[in-house]
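My questions all concern the structure below.
For reference, chains read A, B, C and D in written order, and residue numbers begin at 1 within each chain.
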Amino acid sequence: MYRLEELLIVTIATMLDGLGHVAVGAASPVPGAAALLARARSQGSLRVSLLGSRRHNAFTDGGRELFDCAAQGRIDAFFLGGAQIDGEANINLVGVGDYRQPKARFPGSFGSSYLYFLVPRVILFSLEHSPRVMVPKVDFISAPGVSPEGVYRPGGPYALVTNRCVFAFSREARRFRLLTVHPGEDLDSVRSNTGFDFDAPDAPPETPTPSEAELALLRGRVGREIAEVYPAFAKRQWNIEEVNGAERQPASTEESIGARFH
Amino acid sequence: MYRLEELLIVTIATMLDGLGHVAVGAASPVPGAAALLARARSQGSLRVSLLGSRRHNAFTDGGRELFDCAAQGRIDAFFLGGAQIDGEANINLVGVGDYRQPKARFPGSFGSSYLYFLVPRVILFSLEHSPRVMVPKVDFISAPGVSPEGVYRPGGPYALVTNRCVFAFSREARRFRLLTVHPGEDLDSVRSNTGFDFDAPDAPPETPTPSEAELALLRGRVGREIAEVYPAFAKRQWNIEEVNGAERQPASTEESIGARFH
Amino acid sequence: MTEFLDSVDDLAGQIPDGSRVAVPPDYSGCAMAVVRALIRRGARALDLLGVPQVGFQGDMLIGAGCVAAVETAALTLGEYGPAPRFIQAIKSAQIRMRDSTCPAIHAGLQAAEKGIPFMPLRGILGSDVLVHRDDWKTIGNPFGDDDRLVVLPAIRPDVALFHAALADRAGNIWIGVRRELMLMAHASRQTLVSVEEISDDDLLSDDRYAAGTIPSLYISAIAQAPRGAWPVGLKGYYPPDAQHLKDYVALAATEDGFQNYVETFINASRSDLDVSA
Amino acid sequence: MTEFLDSVDDLAGQIPDGSRVAVPPDYSGCAMAVVRALIRRGARALDLLGVPQVGFQGDMLIGAGCVAAVETAALTLGEYGPAPRFIQAIKSAQIRMRDSTCPAIHAGLQAAEKGIPFMPLRGILGSDVLVHRDDWKTIGNPFGDDDRLVVLPAIRPDVALFHAALADRAGNIWIGVRRELMLMAHASRQTLVSVEEISDDDLLSDDRYAAGTIPSLYISAIAQAPRGAWPVGLKGYYPPDAQHLKDYVALAATEDGFQNYVETFINASRSDLDVSA
């Protein structure tokens, strides 16, 4: 037995095996756990930079470093979501309807308009695979899925992982192709919940389910690690309490700030 | 009684009174002492950034900060020298003769090509006022004295202080004007040692000599302060020994580096 | 010279209505007590810059009518859910929104830091972020063929406003690894800082602290405000007050609820100490 | 992953002939022991970048015939006087000189750090520095009228080489306020560092150290080299060996004298410990 999130974590982790450096943005517990799972089985060769983490975040040059680091070619994979995602892998993190007076407004594009161009393997992730999210055409392009020739673009969309299935994205065809469907889903259920057209085999295979070893790693070490940044998620998924509050803060938190200095 | 260097220090310091922030580059003991003298009598309103100093150098953003700081308009005065200086205030820090195979080669332009444009009050300083240095036209322009209209240039030459006299520079006239001659010099001695033409009154006044109060400050507090960066200069001028070696180094130098960390 | 002011209200008094004010995200160092002072004062027409995003500070200032325009890569309350006053203001077109993307804000501030009129940046081409930014341009790479890229004008805020753990008597501010605060200070005309504590020691005399210190050269004024980042918290010192933040989001769902919040937690106390202790 | 190498000679072995190598000034952190290892190895055709200027490292490498080209704002031995081997090499056109100015080198490295092809910069116009740099251009300010400014191509060195006080076992390097070393590491393809000491503690776990630490992400290889900055010194740890530096300048006045110096102080010892202790 496994939970949907566990299936997704294992599915994403497989896409990260063999990479050197994976970065994970804010509010991304499933991609974060996937990166930590891939790291746990990489025997030390995968570096994970997890926004909000103290132990898995080495940046020391302020908010710009993640972006500069990506532009230097030092980040192999990143994750983006979308309030809307369309068939050309355009993503919308801004709003629905007219830009100036929208029907719905989301927080904003964050770093997507940039990282989508510069990180070779951007994995799109959504827990709501519905016609509302998977639209024919996004209302606002926070970041385009493809760019015309001549645009400097070492990076771009690699896959779309949802609660129903896994798509690969072809930059040449500018289209998604259905790779696997999660247990309980089939081509019809995916088609009827997707507002855009995509390529698919007649009988898409099922997404490989987590092995016992993967589940053990996830429910143990990885769960404890992700609890540092996403304690509520770890508690909900695996009933893991944050191991030790001190891990989130410098060892000397208990002292007064003055004592830290003197 | 006073030494030539003391006259120059006091002369330069007068040009700094009332400013907010003066920066001093490398190998500049006389300008450095002038800045510290102006600071000593500013009642805390003048900040001095002295390259090589620990106590009078607040920069924490690496080698670029001095230049960024100047571009932000946060530096009011700076000092430049020149192996050659000409009548349009062009300065040469590179070489004599052909650039590719020079007769003489100097270290290089350092930050002059930039700071000369951005610091409002650049004071040129030379201890060799001779036809060899004060030339009709420099062989290499490390930084031009004036720029055509349309060139962004909030800064530029303000004065030229030498071992013989003090010139002001007029950006409109693109010429130096003799302000004062040091004791023992006159218009003729200056003209015969200057390779470029300049404006001058018929009988240039003498450079004001240091007051007793200025000399006392210089030979006391300022001498001890400049000794931090220029111990040999302070010893030669005022027989001041570096007050205390610890001032040049973190308090914990005596400990092993490991002990610093643990 | 850096001024030491008596209160966060005095610090807020240094920010004229209409100022372009740069503020950091909730996870950096937020001068929440000064934000409350701005709301008490009835500040108006602020042009808020998130560096590169903004959280509760933005929602509160917008709800209180202090804000005319926002430039940010996101206005987000993170795990606490949608930002109610921001969304309401956007939907009713009460504020002018300049959507950006994180690295564009950093790059614009770096242009100001370097005193250059613009900074080129990769990415962004083909996005609607660019379409809606008539202050951004594209040019050809002068060192390339047929290679266009975006150029961003320098961002020089009137005020950088943030909260830090420690100042010294000379006005130096220790920020540790929160280097975006240093960029804000370099790029802005004025920098106003509330701090947990003011130390008698010189932060610049110890290399370990100096490396994470903004020199007073860039700091206009400081006021001490213990727990001044409450309720969003100051990493390494005190955590977010999660219950209070949840309560805020629930109250701020309506205009009345938000006014209620302002009356209870902002207007009722001149000193923030009463509330946050 | 950062490699830990056994010796400065192994570190020098990571720098192929022909590499573009960025080095800091004498007052920052100079990997002098690695420079000696490069000379022992007979390195050739290096393209040396001073960040933004270079001192004894440059004069020694040039004298030993390791250098084909130099880009720097200055090659200076400071108070020790003119750099004899550099001047000789320039006068006899043995090396190709690309004169620059300090902020142009910082800006070019920042362009590489940001992954942009160029950086604009104020100043420089009308100087002969610009005249002799056919790799620099001027463009019109896209946000201005009739406002030209210099654009500098990104500088992406093959190798950044420097010396620091402290590394940890993960490969993080503590540099304190010597932030130009971090810029070099960000901008370069490989970063090689000699250190005084390797600590068992994690430099990133303490905010005081983290603020002045280059993460191992950017560090290719490390070798321990106690007193590795001798004879130019490492600020805060040991001063310049003034007598030795004076002796060097006197010897290096002639080709024979320089060879003498190399034999005595560089070739004679595989380990630098013998010399510098």
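Note that contacts are C-beta pairs under 8 Å (C-beta built on N, C-alpha and C of every residue); 3 or more make two chains touch, one makes a residue touch a chain.
Just so we're clear, the structure is a prediction, and the values are computed from it rather than from any experiment.
Listed here as common contacts of subunit A and subunit D: C. A count of C-beta contacts for the chain pairs B-C and B-D puts B-D on top. Computed centre separation for the pair subunit B/subunit C is 39 angstrom, with centres defined by C-alpha atoms. Spacing of subunit A relative to subunit C, judged by their CA centroids, is 27 angstrom. The mean-CA centres of subunit A and subunit B are about 56 angstrom from one another, to the nearest whole unit. Listed for subunit D are residues 107, 110, 114-116, 121-122, 147, 149, 177, 179, 182, 207-212, 236, each touching two or more other chains. Among the residues of subunit B, those touching two or more other chains are numbered 59-61, 68, 71, 118, 250. If you draw each protein chain as a dot and join the dots that touch, the picture is not a line, a loop, a star, or fully joined; it has some other shape. Under the touch rule stated earlier, the contacting chain pairs are A-C, A-D, B-C, B-D, C-D. Interface residues of subunit C, counted against subunit A in their complex, comprise 25, 27-28, 51-53, 72-76, 78-79, 82-83, 86-87, 90-93, 99-104, 106-107, 110, 121-130, 132, 146-149, 165-166, 174, 177-183, 196-197, 199, 201, 209, 235-237, 239.
The touching residues of subunit C, counted against subunit B in their complex, run 1, 112-116, 172, 182, 186-187, 204-208, 210-218. Those residues of subunit C that touch subunit D in the shared complex are 107, 110, 114-122, 137, 139, 141-144, 147, 149, 151, 153, 175-177, 179, 207-212, 236.
By the touch rule above, subunit B contacts subunit D in their complex via residues 26-27, 52, 59-65, 67-68, 71, 93-95, 99-103, 105-118, 140-144, 147-148, 150-152, 232, 249-250, 253, 256-258, 261-262. Residues of subunit B that touch subunit C in their complex: 21, 44-45, 47, 54, 58-61, 68-74, 118, 250-251, 260.
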